[in-house]
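What follows is a set of structures for review.
Shared chain: subunit A. Partners: subunit B in the first complex, subunit C in the second.
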Partner chain A sequence: MSAPLFRAVTMARRLDTGIMERQNTIWRILLLAIPLAVFSIFIVWPLLNSFYYSFTNWNGFNAEYDFVGLKNFSKVLTTRLFTNAAINTLIWMVAAIVLPSLAGLGLALLLDSKIRGANVFKSIFYLPICLSAIVVGQIWVWIFQPDWGLLNMAISAISGEPFTYAWLAKPGSAIYAVIVAWSWQQTGLSMVIFLAGLTGIPQDLTEVAEIEGATRWQRTWHVVLPLLRPATVVVIALSVINSLKGFDILYIMTGGGPFNSSDTLAMYMYNESFKKYRMGYGSAISVILFLITLTIIFIYFRQLKKVDEIYD
Partner chain B sequence: MLRILRSAGLGALVGTGLAFGGGVALAADEVTISHYFTGELGREGLEEIFSRFSSETGVTVKESPIGHEDFKTGILVRAAGGNLPDIFSYWAGARTQFVVDAGNLQPIDAMWAANNLDDVVSKSIADGATRYNDKRYLVPFGYHYAGMFYNTKVMADAGITEMPETWDEFLATLQTLKDKGITPIALGSKDRWPAQFWFDYLLLRTAGPDYRAKLMAGEASYTDDQVKAAMGLWKSLTDAGYFAENANASGWTDASDKVASGEAAMTLMGTWITGYWNGNGLKPGVDYDFFEFPTVDASIPNAVVGPVDGLVMSAKAANQANAEKLLAFLVSDQKAQAKWSQVQGALSPNVKVDESIYTPVMKRALETVANAEAFAFNYDLATTPPMAEIGLSMFARFMDDPSGYEAYLQEVEEGAQDVFEK
Partner chain C sequence: MSEVTLKDIRKSFDGLEIIKGVNLEIETGEFVVFVGPSGCGKSTLLRLISGLEDIGSGSITIAGRDVTRVPPSQRGVSMVFQSYALFPHMSVAQNMSFGLRLAKVPKKEIERKVAEAAEVLQITHLLDRKPKQLSGGQRQRVAIGRSIIRNPNVFLFDEPLSNLDAALRVQMRVEISRLHQEIKTTMIYVTHDQVEAMTLADKIVVLNEGRIEQVGTPMELYRRPANRFVAEFIGTPKMNLFDTELVVPQGGSALVSFGSALIPVDDRVAHLQPGASLSLGLRPENLELGSAADPTTAEARIELVEKLGGESMLHAHFPGSKDLFVVNVAGEAAVRPGETVHIKPDPDACYLFDGNGRAIGQS
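Entry: the complex of A and B
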């Protein structure tokens, strides 16, 4: 190739690259604009609205309302129902993280030990995660039904005495009954992630430990569990996010009742806003809930960074 | 735009974007209506009524039914988004007052006069349920009476032939049933509202309608002796073991089923129970009947309790002329009213409806209301919605553990002071 021709081809290539770069930029902007617009309309703007209404006494129906400053926040933070909902949220989050994770780990360890029909059990235990929370909630409402529910019928059959405890209608048990239903559904997800983690553990390590005389428990505790750390971080991070979204199952099973005993902050916000028609007050609760969620998400991202470091 | 965005904001609050959306222009021959008459509350009958309206007028009814409890939230979201249908069902009383005060409804005085509805609607219902802030806003579609509905065979088997009229007679009846091993009273307060009738009647029978009206308006205190006395009387019934256990675990239909099957003898419920029972094959007057809530103090005027299901027109109805046509049709058309009474177990506010449409039980309910000295809306329609929420939760709490009722009343009063800004 002659020198002038070479220069011409190089220039043409540069021009092409320049045009392509510009076209790519236009495409990037166009493609990002759609999700950004949707995100702004459905997430950012409502969020800003919630902040705005939290300083008002708007009831949801009236076109007019007054600004009340921080009155809603001072009321929220001093009311017994808020404290109750905050404690329940804490119970819900801790239990909704710990129980499915532990149960999922237990099942994964059992099913990884080459028992017969392991694949069938894996499918069965994973099945609930495919159901919607509404369906799961309704199934457990029937299971917990005091007169003809499966649980009380089983207890009655075992004890030989009629047992009619109303699990979802008693303030002492309602939220825990919902946690059981939630854990039942979420365990399958944790199990699958732990099973994936177990496949990544070299068999040599456990075999060496076995040759060295380590018991099954010692092998699990000192070899398997430390190597499952990346999977554990993923399971916990997912459990945190899922537990924050756990509104629907509570709504179906108790609606925050009986008499607010199973209210979480999200349920409390919903009831104040939509049942008592106190939209300003409900917005103040949602702002507080938003700040709590933001803190948790911040911790979540830090954990995610740690996972990346572990994988690197 | 602001309304649309506000609607989107509400949607985000409940975690859904469904609330988003502006009004859609409708064709001239349409009318939109949203209502809570679903399932056992008469959906099928209503479809038939709408279909007849459409064939007679050529106006298509576009309906969007929402379940009774979800309706309270659904209509709020639509109101906030400025996206109300032309007509929607609503409960007469404090709830309608709330929406009127918010400026969401359109007065219907002109339509009322043009259709001579004064000659159609019973005066007591027209006076008590349709007027707000000196204007007419609501068309009564049907109303109900809450009474003590019982299983006739269970009562007869227990040797009870005369139904109780006084408190002492009532207690004797309950004890007789209990002694025979029958649960005297079923109550399904899972959704809280079924328990309100007990509070309503006990307060009306012991403190009278005037005092109750003051309490509902925030002019009396929940810690007053009158309220404590009513609750104390209620507690005496629970302490005696007259109520079926686990009331908060059952819905009103579960309680109705217990009475129908003979597991329990009676339940305090609105006349919509007759629609439910008839639909299940029970024969009115043969399988079931009712008696009035007993008198506690003979010097206190006899009041009856119940809700009035109404229809209202939104302030910005896109099809006002058609909406007015439908409103007038639903209350004045005798066939529509008759059908509605039959499917829903409602009493008709239309005085021209032939009483022969009623079952013997409903005919007696009609007479009972007519003979009463006062008609009172049930608790959650008599007091403002934020207060009703607090009170309803207290009733459910009472049914779980009646022993702490004085402390519960103290808490309710704290809530009342906040709601009524006392």
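Entry: the complex of A and C
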């Protein structure tokens, strides 16, 4: 190839590459713009609005409102109802992390061993997560129904005496009854994540532990559980975030009652904003909830980084 | 006394027999290599010895004790895996002492044993590191260290060098060999790489389709292969095999054809009828370039020349045939692809195999 021709071909190639790169960039921006627009409209904009209204006394209807500064926040943080909701959220969160995580881990360990019909059981245990929280809530409302609910009927049948405890109507048991329903639904999700984690553990590691003299329990404790740490971090993070968002199942089963005994921060925020028409006050609660969630996500990412540092 | 004895071992998976009656005796302190192509059952056999797989039938004895139904941890074996199998959440020292900690050995003794093993393997400076911070070679040393520390009767190695690059593999091969000379414990090593087998083994066990084809020292297998399979498997490049037939001229001695030439063979074919079908085996290093005037040379056409520096591999075929064979010539071969040459075999180094692939004596 002669030198001028070579230069021309090289230039044409560069030109081609330049055009293609520009086209690629336009496509990338276009394709990213769609989810970004959706995210902005439905997440970022309401979030910014919440921040804005948390400094106002807006009632949710009128066009007029006043700026009240940090008054909503100081009120929220000093009211007994907020403390009650915060304690309930903590109970709800801890239970919602511990119960489904432990049950999911147990099921995953059980179903990962070569037992007959494991796939059928996996599907059955995963099924509740496919149902909406409203449906799950309604099922458990029926189960907890004092007169003809499955639970009381079972207790009556076993004890031989009529048992009509109103699980959802008593302040001492309402939130725990909802936690049971929530755990029943969330266990399938934890199980699936732990099963995926177990699949990623090389068989060589458990085999070498076996040769080194580890019993089945020791293999689980010293090898399997530590290697499930990445899955555990995901399960816990999801449980925390889901539990903080937990609203619909509470709304269906107790509505935060009786006597605010099952009120969580999300429930409290809803009641203040939409039932009592105190949108500014409700927004302040939502901002506090947002900051708590953000802190947990921050901790989650730090844990994730630590996990990455250990594992390949 | 034999350290390991395998008696009529059989193993099936889903009705498919993978190990088909293996009998083997391994002496104390011997370095035995199981070698064979992929799927021949060598790793399965190792796992049966370790106890990670239950045997279908037969018996396994280790150090004079029947361990057929004994769990892996009580067989007195340790195993090094291809993947190193190091626990990623434990440091090197914790990995090495895992078994001892489970056995509740006193802390001081664990520390002493870890230090000793680390010294032997030159990994003392790595004891506090996590596996992720180690190179492939270092990881493999740690895995070996974990084995040494348990002081087993038998070391089992399942393709331990396969994940390493070529240079590191050679280095680790030397180190494993040195280690064996130092600790003199029985070692069973699985590999598909016959160079590893030849360089490491006191005794090689060639496996094929779940059966032992031959057991012997590396040079025994190289010089006296029992059959075509072993002949082809041992040696790099592999032995050339040619279909041939026995020719016995009137009053003359027996000959076999090699392309257009005839090679004299000795008394070992005396029991065969003229015209009997045979396979003639010639290693690439036992062929050389000859002259057209020499009646013992056969005409061939060069297809490919591989220049390896110290030697050249000539890939050639006889006229009218498409089957390639390899000639190993010293230095840089002065031939080109497409050129016609004359190949001279060494009649003293030819192997003969009968119709069933069994070796017929040796010239």
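The rule is short, and it goes like this: the second predicted complex is superposed on the first by the 292 of 312 C-alpha atoms of A that agree within 3 Å, B and C clash if a C-alpha of one lies under 4 Å from a C-alpha of the other, contacts with A are read in each partner's own complex, and residues count from 1 in each chain.
One rule holds in what follows: a contact is a pair of C-beta atoms (placed from the backbone, for glycine too) under 8 Å apart; a residue touches a chain by one contact, two chains touch by 3 or more.
Just so we're clear, the structure is a prediction, and the values are computed from it rather than from any experiment.
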Practice item. Have a look at where A:P202 lands relative to subunit B and subunit C in the superposition and call it first, second, both or neither. Key: second
Review point. Given the touch rule stated above, what does A:L227 touch, subunit B (first), subunit C (second), both, or neither?
Key: second
Check your understanding: Looking at the overlay, what does A:P46 touch: subunit B (first), subunit C (second), both, or neither?
Key -> first
Review point. Is the number of subunit A residues in contact higher for subunit B or for subunit C?
Key: B
Exercise for review: Answer with first, second, both or neither: which of subunit B and subunit C does A:N59 touch in the superposed model?
Suggested key: first
Check your understanding: After superposition on the shared chain, which partner residues are touched by A:E210: those of subunit B (first), subunit C (second), both, or neither?
Key -> second
Practice item. Identify the partner contact of A:F259: answer first if only subunit B is touched, second if only subunit C is, both if each is, neither if none is. Key: first
Review point. So, does A:F274 touch the first partner subunit B, the second partner subunit C, both, or neither?
Key: first
Exercise for review: In the overlay, answer first, second, both or neither for which of subunit B and subunit C A:Q218 touches.
Suggested key: second
Study note, to complete from the structure: The residues of subunit B that touch subunit A in their complex are 5-6, 8-15, 17, 20, 72-73, 76-77, 79-80, 98-99, 101-104, 190, 192, 245-246, 248-249, 385-386, 389-390, 393-394, 396-397, 400, 411, 418
Study note, to complete from the structure: In their shared complex, subunit C is touched by residues of subunit A numbered 202, 204-205, 207-214, 218, 222-223, 226-227, 229, 309-312
Review point. Which positions of subunit A touch subunit B when the two form their complex?
Key: 41-43, 45-47, 49-50, 53, 59-63, 75, 80, 145-147, 164, 166, 168-171, 247, 257-260, 269-271, 273-279, 282-283, 286
Study note, to complete from the structure: Per the touch rule above, subunit C residues touching subunit A in the complex are 50-52, 71-73, 77-79, 81-83, 85, 87-89, 98-99, 102-103, 130, 132, 146, 150
